[in-house]
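I'd like to ask you about the structure that follows.
Chain naming follows the written order as A, B, C and D, and within any one chain the residues start at number 1.
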Amino acid sequence: MKRFALIGAAGYIAPRHMKAIKETDNELVAIHDIADSVGIIDSYFPNAKYFQEFERFERYVDKMRRGGTPIDYLSICTPNYLHDVHIRFALQNDMIAICEKPLVVSPWNLSILKEMDGLAGGKVFSIVQSRLHPSIEELKKKMVHEHGVCDVTLTYITTRGDWYLYSWKGNEKKSGGLVYNIGIHLFDILSWVFGRAKENVVHVYEPRRAAGYLQLEKANVKWYLSINQGDLPNTDSRMRRSMIVNGEDIDFTTGFEDLHTQSYQNILGGGGYRPSDVEEGIRIAYDIKQSKPSGVRGTVHPLLKQ
Amino acid sequence: MKRFALIGAAGYIAPRHMKAIKETDNELVAIHDIADSVGIIDSYFPNAKYFQEFERFERYVDKMRRGGTPIDYLSICTPNYLHDVHIRFALQNDMIAICEKPLVVSPWNLSILKEMDGLAGGKVFSIVQSRLHPSIEELKKKMVHEHGVCDVTLTYITTRGDWYLYSWKGNEKKSGGLVYNIGIHLFDILSWVFGRAKENVVHVYEPRRAAGYLQLEKANVKWYLSINQGDLPNTDSRMRRSMIVNGEDIDFTTGFEDLHTQSYQNILGGGGYRPSDVEEGIRIAYDIKQSKPSGVRGTVHPLLKQ
Amino acid sequence: MKRFALIGAAGYIAPRHMKAIKETDNELVAIHDIADSVGIIDSYFPNAKYFQEFERFERYVDKMRRGGTPIDYLSICTPNYLHDVHIRFALQNDMIAICEKPLVVSPWNLSILKEMDGLAGGKVFSIVQSRLHPSIEELKKKMVHEHGVCDVTLTYITTRGDWYLYSWKGNEKKSGGLVYNIGIHLFDILSWVFGRAKENVVHVYEPRRAAGYLQLEKANVKWYLSINQGDLPNTDSRMRRSMIVNGEDIDFTTGFEDLHTQSYQNILGGGGYRPSDVEEGIRIAYDIKQSKPSGVRGTVHPLLKQ
Amino acid sequence: MKRFALIGAAGYIAPRHMKAIKETDNELVAIHDIADSVGIIDSYFPNAKYFQEFERFERYVDKMRRGGTPIDYLSICTPNYLHDVHIRFALQNDMIAICEKPLVVSPWNLSILKEMDGLAGGKVFSIVQSRLHPSIEELKKKMVHEHGVCDVTLTYITTRGDWYLYSWKGNEKKSGGLVYNIGIHLFDILSWVFGRAKENVVHVYEPRRAAGYLQLEKANVKWYLSINQGDLPNTDSRMRRSMIVNGEDIDFTTGFEDLHTQSYQNILGGGGYRPSDVEEGIRIAYDIKQSKPSGVRGTVHPLLKQ
């Protein structure tokens, strides 16, 4: 049984990590969040110690290590721009880091993580749960034997309310913006399945939606990413994730619930994705963020024409 | 349709208010919390505006009022010691206040609320949802015809993990401590059903449990309140709420889910509980907080003898 | 003797208000700041109550009012974007508001203040201490008899380090940016002395400097505003404030130390500047903020040509 | 020239460190404080980078180190309970730590610092400027030749207003309370000059004053520590520090202004005080904090009898 600590316990994604630690039969011994709305922990590890201040959390982690009961893993669920700092904190305290996506906002911080991970012999892991989705895994396998360049139309809509733009997620300096928060799934899958980016054209780049054309080694992709309810066919649906590959529609709207646990199983079993494995998706997101949108022209996603 | 604002949106209890507003066919137009983990709002009112800073929330509320689209109600889910301030904020902005229990920590702040509520003609309401529990309502009705003094043993155990003491709930200055956070239900029901307190003896007063003997007009009560898992028969159960009245066991462990909606229905329908209606429960909690525990002696709750 | 409260006590400008309250023989009874570095108060009013939370400050203010020892004035030294909210707080609690410049960031919030001030019969005052500088006062008097249009070159350099951009002052949403934080002095003086703006051309608008050409009723003004050390002739000097009016150089670099006290004396003596009196300066700053800089062309300030 | 970073830049004591860095001809390159009232830096190092978030500060420190321009020293001016954590942060980033007194609140955290300091070969230094006061240095020298046990009456009064108790300094968990914040000077000097404590009796222990009797190897000390204005002879004086040793009055009320610079000179010159050197003073403060005050009885300080 491994001992875990978790940072960012009051946020949206933390319960998936708590569940994954529980379901892999490990123990969460300490949590930290500057917000104290962490009651959810009682459903998983009521005995976990809670620290509202980072400094006190650090002291506890250090004390455990000195006292011969070290914490083995640190699960990181903090805002994106803090990820690399908290990964460094993990390594300095001899913990293996399991970090939410995206690992970093700026590629140069990824370089440092790659270096640190290399020196540590592989102690930095990124959650990229969408790679584990059965539909995506199947597609990945299929593409091994594919030698042509596919035609792909990717639609990724997952609605968020007004609050989104006023939380850290809406702050580009803290989150990287929409193409990081949510888009990173899309760009990570695409580069994992279809290879590196050769051309990256951005048509629209707005706080609540973005779209573009991406030429990868094995695919030409028209992508559309949005958190607007208006982009869905009706007000009942909240989400749509679909990829049309050479005319075949792959729907992966559902089925994400257990992928964190599976991610943990992989990491604990000697697998998992390290910084160099997720680099391309981050680079694509970064390039999009830095681009000057061209407007709706050229090869655009069907939803843009409406 | 009434327009609501809600303050304290990231906390544990806020979703019950969102649900109540939804289920009573009203609209939540603005939420505030200093923590931005408020994504839950998307399940209820994705169009609600979110403000991380109180000052910006105030400006919005004021602007709506001046602009002819005033907000009618303010739902208050903030830490206990802020309740009276936020109720004042509601009244100053012509909103009716619906506030989580306990209305205040210190009785003298309740006096001010009573005065303000009186002057405003009834605009301050307290959520005391346990009064609406069918078992408790039935007991209340029964007691109207009861002329003797009942013998009551009240056991109220609802487990909380380590985090509890390190959140605002564990800070006596902010929450009032266990007898306010959780105990207020117990003392509110007791005084509502059995009348005012005549004697109030505290046997044990600890951060995670308290017990005592309470003599009310119509009942002599041995009470036991705890958040320790060890007080429950096994590790699977998380909660136990029971009252033995003259030998009859009334279990109200379950059935609390919809009581916020019912509370809202009452308030919107012209009923609801105002400051003077909840005064006695708060006074009992306050007296317990100020008491010097006597230790386990005299007429004590059965769990204390173990 | 009047009773004052002060909000924003840990900031840079608060000691001038404390001094002014002291020197006008009044008493500061309560201060608030979310930062607790407020030890400076001991040099002025060691008995003043300190509140780290706004809510507790509000409760104290309210309690004083109900208890018959109301607070008469609220001195407001908070970040710019909070000014209008805190002025509203003052009025709702029957306090007269003395607010740091600029009164607001957005002109529409000024409209509300004007309305509130009017309804309250004059309870909102803005500190615009540079109007009280002897050189400026003299110029103002002289201009009464001036019927032509003056030629003015205004240079306003006051250095700030790297921290400036990373504090709230560097955040345009919170401060309005350089043309508000520091520039407001410049635009306020100009409009007070030379009348309303007829044309407003912006040449340069950067986080650390701005420049433009302003046509007022009685002056054509080339202005240059900067916080860069490099704009000063040597590294020893920290500041330069000068206005060349029809060839005559008016230097007002020094002499600002006691102007807050004088501002207080005026307000307490029945004078002082109300929202409508400071409107034009704010409007000019706002127009500059919204402008699209033209680059260095046309009638530019001499420092721009270098 | 050495490169410094400083943490806790908005607080009361930080300017003394800035001055010391300046006066020892070194450079302050980066500062951190969660409060952004750090404009004072402009008087010393306007080019220093400012970080409002610890995480961004950490990233900068780490980046400098990797980039070949490491930061040599970290000056620590944070609240007491964070000192050991920030010292650890210094060492993990190859910086020498110069920390404000008291080094820690709890002696067991000092043990860890001693161990870390030992392993690092002497990289942890405590500011204990009162040891450098000429009057105290002289006394220390004199005591080398003293073989008897002195009779000492120590009076240490330095007034603080109402804010003190509501800042972190008034929070025993964060500061250790009065005997740490201010008293540490007193106990540090005493143990440095007169040797280890043999008996430690506490007569009074209140938030704003404390007094007791301390038997050291070479002195029997009646001490009195207070922040109450009422303990000074008149309202004009703010401070009184005096030690009567065998009837001779040593006044050290003034003369503290330049001792930080001198402390820095010592440390930079190979001297300075390390964790083991300041242990006894902290232990005495801790014992006092844990004691049960006896009330005014036995050998008490003259001010207690009044």
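Simple rule for what comes next: a contact is a pair of C-beta atoms (placed from the backbone, for glycine too) under 8 Å apart; a residue touches a chain by one contact, two chains touch by 3 or more.
Just so you know, these numbers come straight off a predicted model, no measurement behind them.
J.: Between subunit B and subunit C, which partner chains are common?
T.: none
J.: Compute the distance, rounded to whole Å, between the mean C-alpha positions of subunit C and subunit D.
T.: Between these chains, centre-to-centre, one finds 39 Å.
J.: I'd like the Å distance between the centres of subunit A and subunit D, where a centre is the mean of that chain's Cα atoms.
T.: Going by mean C-alpha positions, subunit A sits 45 Å from subunit D.
J.: Where in subunit C do residues touch at least two different other chains?
T.: Within subunit C, no residue touches at least two other chains.
J.: Classify the inter-chain contact topology: is it line, ring, star, complete, or other?
T.: Graph shape here is a ring: one loop, exactly two partners per chain.
J.: Residues of subunit B touching subunit A in their complex?
T.: It is residues 10-12, 31, 35-39, 41-42, 45-52, 159-164, 166-168, 229, 238 of subunit B that touch subunit A.
J.: Can you list the residues on subunit D that touch subunit A in the complex?
T.: 54-56, 58-59, 62-63, 66, 81-82, 84-86, 88, 92, 109, 112
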